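Scrolling down, you'll hit the structures one after another.
What follows is chain A paired twice: with chain B in the first complex and chain C in the second.
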Partner chain A sequence: MKSKAVEIENFTKKFGDFTAVDNLNLDIYENEVFGLLGPNGSGKTTTLLTIATVYKPTSGDIYVYGHSVTREDYVVRKLVGIAFQDPKAMWIDKPYELLTWHARIVGYSSSEAKKVVQDVMELLGLWEHRNKQFYQLSGGTRKKVELAKVLIQKPRVAILDEPTAQVDVLSKHALWDVIKKLRDEGTTVIIATNDMFEAEKVCERIAIIYKGKLRALGTISELKDSIPSGDLVEVQFEGGGIPEGLLRALRDIGRVEARSSVLKVYVEKGEEKVIDIIELFRRYNVKILRIMVKEPTLDDVFTYITGAKLREES
Partner chain B sequence: MDWLRGLLLVAQRDLARFWRNIYWLAGQLAMNIADLVIFAVIFRGLVNPAYIPDYIRFITPGILCLSIFISAFSIGREVGIELRREVTHYLVSLPVTRGQLVAGRILGGVLRGFMYQAGFIILAVVLMGLPSVDKWLLILTASLLLAVTMSGLSITVSTLTRDFNLQAAIRSLVYFVFFFVSNVFYPEKALAVRLGSAAPFAYYSPMSMTVNIYRYGFNYVSSIDVFFNLTGLIVWSTLAVLFTYKVYIRNLTG
Partner chain C sequence: MRNPSFTSNIRSILLVASWDLMKLKNQKVFLAMRVAWFTLQVLVFARAISFIVSQSILEYTGGVDYYYFYLLGIYTSLIYSTSISRGYVIADEFDDGIVEYHLSLPIKRGVFAVGRVLGSSLSTIIFTLPMMIVVYVILGVSNLFSIIVSLISALVFSIGVVSFVLLLVFSVKSTDLTDILVGAIDALLVRLSTVFYPLPVIEASGIAPYYVIALMNPISNLADFLRILVFPEYYMVFKYGVAPIVVYMVAFSMGLLVLAVEYYERKLEAGGWK
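Entry: the complex of A and B
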């Protein structure tokens, strides 16, 4: 049994009459990269800010290593570090000053702070911007300063709210590596994102939330398998036609679409079924030129899940 | 020990920001002193030589008050901007207690007050002569208590509302009430004429209490009710701290 880093229990957050998060229940395990996936306004930031003790739950509670955010907020803050969605700085703040102060307040001595700040700034390519004022920085650079705070802090639980929004594609890949490394060094990472590619790239488990409610939860492959007939096995074969017997046998595996030299089989768990398909082709002596298993993208999953739930509701 | 470290770091952050705004503050002070001169000219009667033969020596302790007010009050302006830009979210996510945060912010304002006043204290010594050791103690205690009061009140004011214009209005109101219903700029005799039945309130203004102590400290007057003025300031600063804690914390937990 994996131990739990964060437990979200019946968490509801209202702003006035508006319910931003509606009775959320989630466990986040120690040392995983966990993704909160959902479009804008679905309640990701609200949830993350409550874990970081910035907001208080309207009802329910959240526990970080067993400590309640409502009753032991100070203990929780010592375990959690957060990179905000909107970088938190005044316009005339300078990254270096901001980060050294941050390093001091999270516990480094003055000399340690200088060293760790320089290391992290160099890692993120921020060093050349260290003495610029905040308003002179690009959106992506501001986001990196925000991420730097968490990398400096190395908290038990790192919260990253859309960490690569506004960051250029090249830097995104570098940041994803940095995030994975943070996890490898023992931090539990919670990422909010509306970028399916990012979620697929870095997250091990994902919660899809939409309009304040949890819609799906699982590993990426679990989520993909949860869509009926999600995978597609595409076979290119030699010769002009397919024996009727083979076709019948394939139809037992999944829905089949046959064209002149390409055959598509829609199946669940494509990576397992592909072996059966190859075996069938061999038995009927049809030579395979190329075979591919295409997974549905997370995008497909997301559209399927939110669409289905919306249909249920209306 | 840990508690103090966090608190001091919070205060240090505010102090560092203070130096960046030093010209803005100088501008504020210049504007206030200019106002003072203009008012002095307009209400000539108030600075009637019969009331105050030596206006410079009379007003110097008042400028000491003004310098604390402006610099300690500047903390509120920053707290207000932070709230609107949600930098406050960052501060409350840090591994410090809410108490450390509030105390650190107040101390930040106090240190600003002290730093800024230092130059004017030297000016006062030049203009009015060197006070004795016991009077120094009194002067510094008054400065400390006034700075705590002003720092706390300014944070409270900026935190009561997120409307920047309303903040500015309340700030002006506080300034107006504290300085005009006090004997900082005008002697009590003139106050009685101008304020009529409101004049007795001037005794309870933290500005009056402080300026009384300064005037006594710098030997402008030979005796005051030290106990009344000092106790009054202690009450004011305690109230300010309590208000700050209540109101600032309320905003910290959304």
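Entry: the complex of A and C
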């Protein structure tokens, strides 16, 4: 049994008459990278801000290491750090000053604060921007300042709300490494994203939420396997044709499309079936030149589950 | 015996208070303008007014020259206006989501409230320090005791006003409404106080609500307290002595501070800013 870092129990949040999150139930395990995946307006930020005790639940409760966000908010805040979706700074603020204040507030002494702030800023490539004012910084740099707060704090539970939005592609990969390292050092990481590539790259388990409701939950491969016949095994083989017996045997495994030298089999759990397929080809003495298992993307999963697209086409 | 949670609360309060002090240096130009304007007001306009009013009012001020009376009045109204203008700062922060950031920090809500109020009122005192120097130089005050007591009483007063404006801003959660209410309260309360006229004059006007509001007005109480500190003879104006003023000021500030702390602990939540 993995121990739970965060338990979301019947959590509902309303803004006036509008229900932003509707009876959400979810457990996040200690030391995993957990993803909340959903398009804009799904209720990701609302959920994250409630875990961070910035919002109060309308009903239900959320527990962080067993501590209720409604009754023990201070204890929860000592366990949680958050990098907001919209960087929190006034246009005139300077990153170094802001982060030093942050470091002091989360408990560092004055000299420790100087050191940790410099270390984290150098790690994220922020050091050269330390004394610029916020309005002079690019969107991506602002997001990095936001992430720096969490890296400085090293909380038990790190909440990252769309951490790489507006960040350039090269930096994205570097930030994903930083996030994984944070997890390796013992932090539980919760990420909200509408970027399926990011979700695949860093998240171990994912909750798909849409219009305030939980639609699916599981590891990435569990989610992909939840689509019936979602995998595709593609075989390139030698010679001009396939023996009738092999074709019949393959049809027992999945739906088959055969062309002159390429054969496609639509199956569930492609990574398991591929072994059977290889075995069949060997038995019928057909030489495989190339074989590939293509999984559905998280986009496919999302569309299958909600009937909607993860990102609106722009 | 040191209580560790007590010392850690004090540390947190001071750190939170340093947020506002950190921002203070962004206001250098604004401050220079305020000092210039204030000096002009004090040296030119205040003199003109006191030239008109001076003789007839002496019997109501215990013999204190109206110009001096008025100087401490406008210094008080400056502390008041600067304190209440912290409302705009907080509103701006709410607008930019800083309130969400602050609420996410590992600090007890009540401790955060105290730190925030203290930071804002200390900023007010520091911001108005040059103006205080102008006034006290003109008045020729060199008694260190009365200067220190003046500063402390100004701080206590500012704590009350800042707590009030925090409660106001968080209750209305709207930039427009904050602008309107803060502006109105600022303008109105200064006029309904003893900034310009001593209490007996207001009483003699025969307008009862004006007198009652001026009597209960914290601005009056601070202005008169500062006057008594500098001109002991002004003490003559007060039927009930100075103790009620001190008690009232402390009760006003601590009462509002407690309300602000309660609000932070029980009700305050981010979001919903209009």
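A few remarks follow.
Note that the second predicted complex is superposed on the first by the 307 of 314 C-alpha atoms of A that agree within 3 Å, B and C clash if a C-alpha of one lies under 4 Å from a C-alpha of the other, contacts with A are read in each partner's own complex, and residues count from 1 in each chain.
Throughout what follows, contacts are C-beta pairs under 8 Å (C-beta built on N, C-alpha and C of every residue); 3 or more make two chains touch, one makes a residue touch a chain.
The shown structure was predicted, so the numbers you read here are calculated from the model rather than taken from an experiment.
Per the definitions stated earlier, placing chain B and chain C onto a shared chain A by superposition produces a clash between them.
Contacts of A:213 after superposition on the shared chain: neither chain B nor chain C is touched. Legend: residue contacts after superposition of the two complexes on their common chain; A:180 is shown touching neither chain B nor chain C. By the touch criterion stated above, A:55 is placed in contact with chain B and with chain C alike.
In the overlay built on the shared chain, the residue A:104 is in contact with chain B and with chain C.
Touching of chain A by both chain B and chain C, each in its own complex, is seen for residues 49, 52-56, 74, 77-78, 80-82, 84, 86, 88-90, 92, 97, 101, 104-107. Against chain A, the residues of chain C that register as touching in their complex are 12, 15-16, 18-19, 22-23, 26, 92-93, 96-98, 100-101, 103-109, 269-272. Those residues of chain A that touch chain B in the shared complex are 49, 52-56, 74, 77-78, 80-82, 84, 86, 88-90, 92, 97, 101, 104-107.
The touching residues of chain A, counted against chain C in their complex, run 15, 49, 52-56, 73-74, 77-78, 80-82, 84, 86, 88-90, 92, 97, 101-102, 104-107, 153.
By the touch rule above, chain B contacts chain A in their complex via residues 6, 9-10, 12-13, 16-17, 20, 81-82, 85-87, 89-90, 92-97, 253-254.
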